[in-house]
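Here come two complexes built around chain A, the first alongside chain B, the second alongside chain C.
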Partner chain A sequence: MTQPKIKFDRVTKRYGPLTVLNQICLDIDPGELVTIIGPSGSGKTTVLRVLMTLESIDDGVIYIDGEPFNKMRAGGALAPASNAHIRRLRARIGMVFQNFNLFPHMSALDNCIEAPIHSLGLARGEAVNRADELLDMVGLAGLRSRYPSQLSGGQQQRVAIARALAMQPEILLFDEPTSALDPEMVGEVLQVIRDLASAHSYTMLLVTHQMGFAREVSDRVCFFDAGQFVEQGPPQELLGSPKNERARQFLSKVLEAR
Partner chain B sequence: MNFDWSILAAHLDLLALGALNTFLILLLALFFGVVIGALVCAGNLQTRRLLRLPSRIYTHIFRTVPEMALIFWIYLSLPLILGTSFSAFASGILALSLVAGAFLGEIFRAGIVAMPAGQVDAANALGLGFVARWVKVILPQALRTVLPAIVNFITELLKMTSLLAAITVGELAYQAYILGSQTFKYNEFFTSVAIAYFVLIFPVSLLARRLERRGGAA
Partner chain C sequence: MTGRLMAIAALIAFLLGIVVATFSETRIFMPALLRGAAVTLQVAGLSFLLMVAAALTAGAAKTSPFPPVRWMAGAYIEIFRGTSLLVQLFWFYFVMPEFGVTLPAMAAGVLGIGLNFGAYGAEIVRGAIQSVPKGQREAATALNIKPLHRLVRIVMPQAMIIMVPPMGNLTIEMVKATSVVSAVTLVDITYASVQQNQIHYRTVEIFMVTLVLYYCLSQLIRFSMGVLEARATRHLCTGH
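On to the complex of A and B.
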């Protein structure tokens, strides 16, 4: 049995009295593409945010490649992780946000080289070469000097994907990457994600409301509701004939609306 | 009513000295104001209430006390407390710096608070450290947002420098007052000084308006 790339072990996250993640457990294999679906406000995004260390967790352990992430091994026990430890493991993860979150005062190219230079310590020339390759890969080779305000939503999100890839992550997190896009731009972003899934070995975790896309690209779909993974399985199975009542209700609503 | 141009020409050296002093006061007060403002802003951004308290108190005091009262207080009362006195010039710089610190601190804070939280998320997700996060992501955006407000405040500060005439700091308004009283040509001196302030401030004010419009469009 292979070591899971990512492992959530009874992870709990609370906001005041509200428990957003209630002892969630999830194993994701290397190279696997797992999609998380579920009602709005159920905490799907929080799953990604705690993994990216944008939120702290209150209880439980997250493992990356078998190494505790939010904790570190000290003797036989687990101690709170040092900043250096978190930084080292976090470098394996890249994230793409719903609202792109590109840096508006930087060109597309600068968005993609800033972190490689400062975080990875790459020389500027090398960072530029790699950024150009990535911008080319997402179909934006000619737009490297444009600022985010001069790009369409779909183009911005593709720059954001290139920016995340520029950090050479092994794990990619997509937080509703097409929810903020006009309908005609959804396809171009999904195509980039599709290419990443088929041609590369990234481990990917995707939160989306695009059920058709989830069915097409996912190795596994997880239904998340009320702070827990309620049901999971192969896309055909979970999206076609869910066993769980809440999953069934959710899917019938979502599919009806289309 | 005759307007005596020759009296202006005769005292051009003192007027020029006044203008130079005004400019120097503005630069010094602005410099110390930025330093104080950055500290006040850092305090105001603390999440713990207790850590925020000193900055809150500072801001409230120096935004509410009238500048004139503060200038007199620092020049006349502070020496009684400290047991040593400062020159009028130093007292004036201190008073304006304290006021500038309070206003600039609030302006800086507004710029930082106005930034979408997603920007910091992105910087963190990309592994940018504390310094890179501030220097590359937060400050450039925050400064761009509040640049019109800063430029506006600079015009206010320039006008405030004229208050230092009250404690005999030899800036532009003071020179006009002294020359006027010596020659009884108040009209000539105050008219020309008023025009000089307008000529100095109006372009800066226009610049602020332009920056505001540009900021709104972006």
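On to the complex of A and C.
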């Protein structure tokens, strides 16, 4: 039995009286691509945000490679994690945001070398070489000196993907990566993600409303609603004939709209 | 920008010309006023440096995740914003010696003005830092960038764009407020004018020159801030 790359163990997140994540459990194998679907406001994005440490969690433990992430082992028990512990494990995770969140005062290249130089301690020349390779891979070789304001949404999101990859993560999180894009730019971003899924060994967690894409690339699809994973399974099965009533309703609405 | 500056310079030269040509005894009081202008410039320049340093430090400290740091910054801001600038100068110059700390008049003046205006500037800096979109900090966190580096390299450059115009405004206010240093025996433009007026009774000429000198200083700041703003925003619109 392989050790899960990521493990959510009864993770709970509350905003005041609202429970966004209600004791969720999820194991993700190394190299697996898991897609999370579900209604807006159901908290599926929060699953990614707590994993990226952008939100604290109220209860439960997240494990990365079998190591507790939001906690650390101290003696036999689990203690609150130190900053150094979080930074060490967080280095394995990269995230791509719905709104790109590129640094507007830096060129595409500078966006991709800032963190490698600062956080990984790479020499500038090496960081530039690798950033150039990644920008080339996402099809933006000629645009390295452009600023985000001079790029289209699709180009910005591809820079954001290159920026995340430049940190050499093992886990990639995509939070609705095409939701803020004009329709004609969705394809170019999905193509980059598709290439990543087929040619690399990243463990990927994807929140999306692109059902066709989810069916095509996912190893597993999870339906998330009201703070919990309600149903999960292979994409054909879950998207084709869901057993859960809410999942069925959601999918019929989404597929109707297309 | 340069055309406008030229026009302003021409206007100032013209006004100065009128003063020089019309009033024959300008040269009697002019050297004293220019010496005063040099003092004002020195007080303003040093106060500006202290103001910016204090504003950036206290403004950033107010956004700190550590409560004691926030409280210290808050106490500084409240004390210096909540009391009179003139009284603060008196404290630095007349009261501190009672506790064994004797400051030269210039140091007392710069400390008082710099810290007082720094407290107002701190609120500008805090507001600017907080108005940088949350996603920027989140992206930095996701890239494992440490908090201090994030502040300096990611947040501050974006906050600059928001803080430069109100800081320019505050600096002009500050330059004009430097006239309070006459209360701690420094002979700045204002004090020099008063002295020269008592000696020569050329009231209209003297105070006209005083106005023009202050106006020139303000224009200098306005121009510098324009340059700074253009630099800070240069990448944010297409077509550059």
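One rule holds for everything that comes next: the second predicted complex is superposed on the first by the 258 of 258 C-alpha atoms of A that agree within 3 Å, B and C clash if a C-alpha of one lies under 4 Å from a C-alpha of the other, contacts with A are read in each partner's own complex, and residues count from 1 in each chain.
Methods note: contacts are C-beta pairs under 8 Å (C-beta built on N, C-alpha and C of every residue); 3 or more make two chains touch, one makes a residue touch a chain.
Predicted model only: the values in this text are computed from it and were never measured.
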Fit or clash between chain C and chain B when superposed on chain A: clash
Contacts of A:52 with chain B and chain C, given as first, second, both or neither: both
Which of chain B and chain C A:94 touches, first, second, both or neither: both
Partner chain in contact with A:150 - chain B first, chain C second, else both or neither: second
Touching partner for A:28 - first (chain B), second (chain C), both, neither: neither
Set of chain A residues, in rising order, touched by both chain B and chain C: 52-54, 87, 90-91, 93-95, 97, 99, 101-105, 114-115, 118-119, 149, 163-164, 167
Complex contact set, residues of chain B against chain A: 116, 118-119, 121-122, 124-129, 132, 136-137, 140-141, 144, 218
Chain A residues within the chain C interface of the complex: 52-54, 87, 90-91, 93-95, 97, 99, 101-105, 107, 114-115, 118-119, 147, 149-150, 163-164, 167
Chain A-facing residues of chain C, complex: 133, 135-136, 138-146, 149, 153-154, 157-158, 235-238
Residues of chain A touching chain B in the complex: 49, 52-54, 87, 90-91, 93-95, 97, 99, 101-105, 114-115, 118-119, 149, 163-164, 167
